[in-house]
Amino acid sequence: VGPPVFTSDRLYEVTPPGIAMGLAWTSMGGASLYVESILESLLTSSSKAGLQRTGHLGDVMKESTTIAYTYAKAFMHKTFPENRFFEHAKLHLHCPEGAVPKDGPSAGITMTTSLLSLALDHPVEATVAMTGELTLTGKVLKIGGLREKAVAAKRSGITTIIFPKGNESDWEELPANIKDGLTGISADWYSDVFKVIFASVDEKKAKHLW
Amino acid sequence: VGPPVFTSDRLYEVTPPGIAMGLAWTSMGGASLYVESILESLLTSSSKAGLQRTGHLGDVMKESTTIAYTYAKAFMHKTFPENRFFEHAKLHLHCPEGAVPKDGPSAGITMTTSLLSLALDHPVEATVAMTGELTLTGKVLKIGGLREKAVAAKRSGITTIIFPKGNESDWEELPANIKDGLTGISADWYSDVFKVIFASVDEKKAKHLW
Amino acid sequence: VGPPVFTSDRLYEVTPPGIAMGLAWTSMGGASLYVESILESLLTSSSKAGLQRTGHLGDVMKESTTIAYTYAKAFMHKTFPENRFFEHAKLHLHCPEGAVPKDGPSAGITMTTSLLSLALDHPVEATVAMTGELTLTGKVLKIGGLREKAVAAKRSGITTIIFPKGNESDWEELPANIKDGLTGISADWYSDVFKVIFASVDEKKAKHLW
């Protein structure tokens, strides 16, 4: 009862557009992994599109940002063709904390969500976390450490966790005390993620934002 | 009882706009860490924006400058939209001394303050030092070595130290002899830092500086 | 008594504009360290400004050239705003001898002097040598090896040596036989160096040179 008890894993109690919470798997267990995207300069009809990334990212994770950026652009073009955000947005994607080395592909759907949240000017619900590798066509691939990630998610006050369809059996096998209070949603394609996160986007508004 | 006794840790007795004092944590203890920003060339309507950095910075600290630069631009755009400084400023950020290798994310708020001080043409009070990692959205993250940094700050004639909200318990635990003569201010967001440093900025002037 | 006996440490008996003598500290003792700056191409209203550097410089010393270049531009803009030299000068800075690896920040004021000498078309007196790290705001920082550098300066026929204010106690402690015949001038800011080197600059001429 009362407000949730947040630990230091949670940076944001309310997440502005552009922020999404992922989950990392380390030798120390699971941990929250925020992805932050913001506009690096004013969006104008003459500003030049691009993506800069920081956060002590390893090579695989750097490629993940590239895949997420390509996919997000393609997704927007297909779903909201009138939204021209990515044509002129000079973006900066960062994963705090800067001193912690990070690698691996499993933040793919989190990065994509962060970029789309900014493009749609729509915040991600602060109680949702997600983990999953993304392919260029939007397929969500299996990840490791779901158990540790679920524990970290709960510790961070998360109530909904999105994971790859390929991890469904891992989810089934989780003990009840971990799953208790946590809604698990599996995603086969990024569109499954989108439906959960951006269910309440006003399509008319989204099309004419930028 | 007379002016403070400055040791070699203090480079500036009066800090011109663009200079901010941070605090480093080394194997030898704490130390002052200045961040200097200046215009590399004349600011004109056709000069090209950019940021050059020097000071024997490691990869994490280089990323810190990038984050500080993006954040400072976004902050100015939101807070002083009429101030066009960053649209045309060719900047150079340096951390003396050049032979000392430096790394880590904890100069984030100091770098941002240095850049904003230049953009607002407003000097930072020479008796204030600060330490804190910054995220892209302006969240101030916990740092290490607050005790050693507080000792270094006092040695440098500092009377006000700004640190992350996440370090509040570290601050509480500091012995009275260290805290004596030192006002500690915790910051959860960069806006908390801004309020302390730039309280006396003339908003009208700031908007029409550049 | 006759003319001074020059050793191989001295490259120039008369130094053209753009040349300044610094002092290095090596495992073999002190040594003269020339900094040479010249225009890489004809200076015209359409030539593009820039700085190329050579001389087997290590990373710290490369950063030193960058700092010297930024500072020299800012200094000229402030002191001789009518002089447009740096807006169009494509420069090349070299430190002979090319086979000798060089590093460290202590040639900062020498590099700045070399660049200003060229911009003002004013030669540096051949009997003056200098050593000191420079910050972006023009502060001159303490260096190592003043004793060895003073010995090298004398060996090279130098009669005036400029060193950082932070090394004043080192200077005081030098034995009389080293200081004999050598005038030591300490500098807290680059403006102190400027006053010594460029005392006889014709300000009117300097403003309208380029």
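As written, the chains take the letters A, B and C, and residue 1 is the first residue of each chain.
By definition in this document, a contact is a pair of C-beta atoms (placed from the backbone, for glycine too) under 8 Å apart; a residue touches a chain by one contact, two chains touch by 3 or more.
Note that the structure is a prediction, hence the values are computed from the model and not measured.
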item: Farthest chain relative to subunit C (centres taken as mean CA coordinates); value: A
item: Geometric centre: closest chain by C-alpha means; value: B
item: Subunit A and subunit B, separation of their C-alpha mean positions in angstrom; value: 30
item: Chain centre separation in whole Å, for subunit C relative to subunit A (CA means); value: 53
item: Sites on subunit C at which at least two other chains make contact; value: none
item: Residue ranges of subunit C touching subunit B (in the complex, touch as defined); value: 49, 59-60, 63-64, 66-67, 70-71, 73-74, 77, 86-87, 104-105, 108, 133, 135-137, 139, 141-142, 166
item: Subunit B - residues contacting subunit C, complex; value: 8, 11-12, 16, 18-19, 34, 36-42, 52, 54-56, 92, 94, 96-99
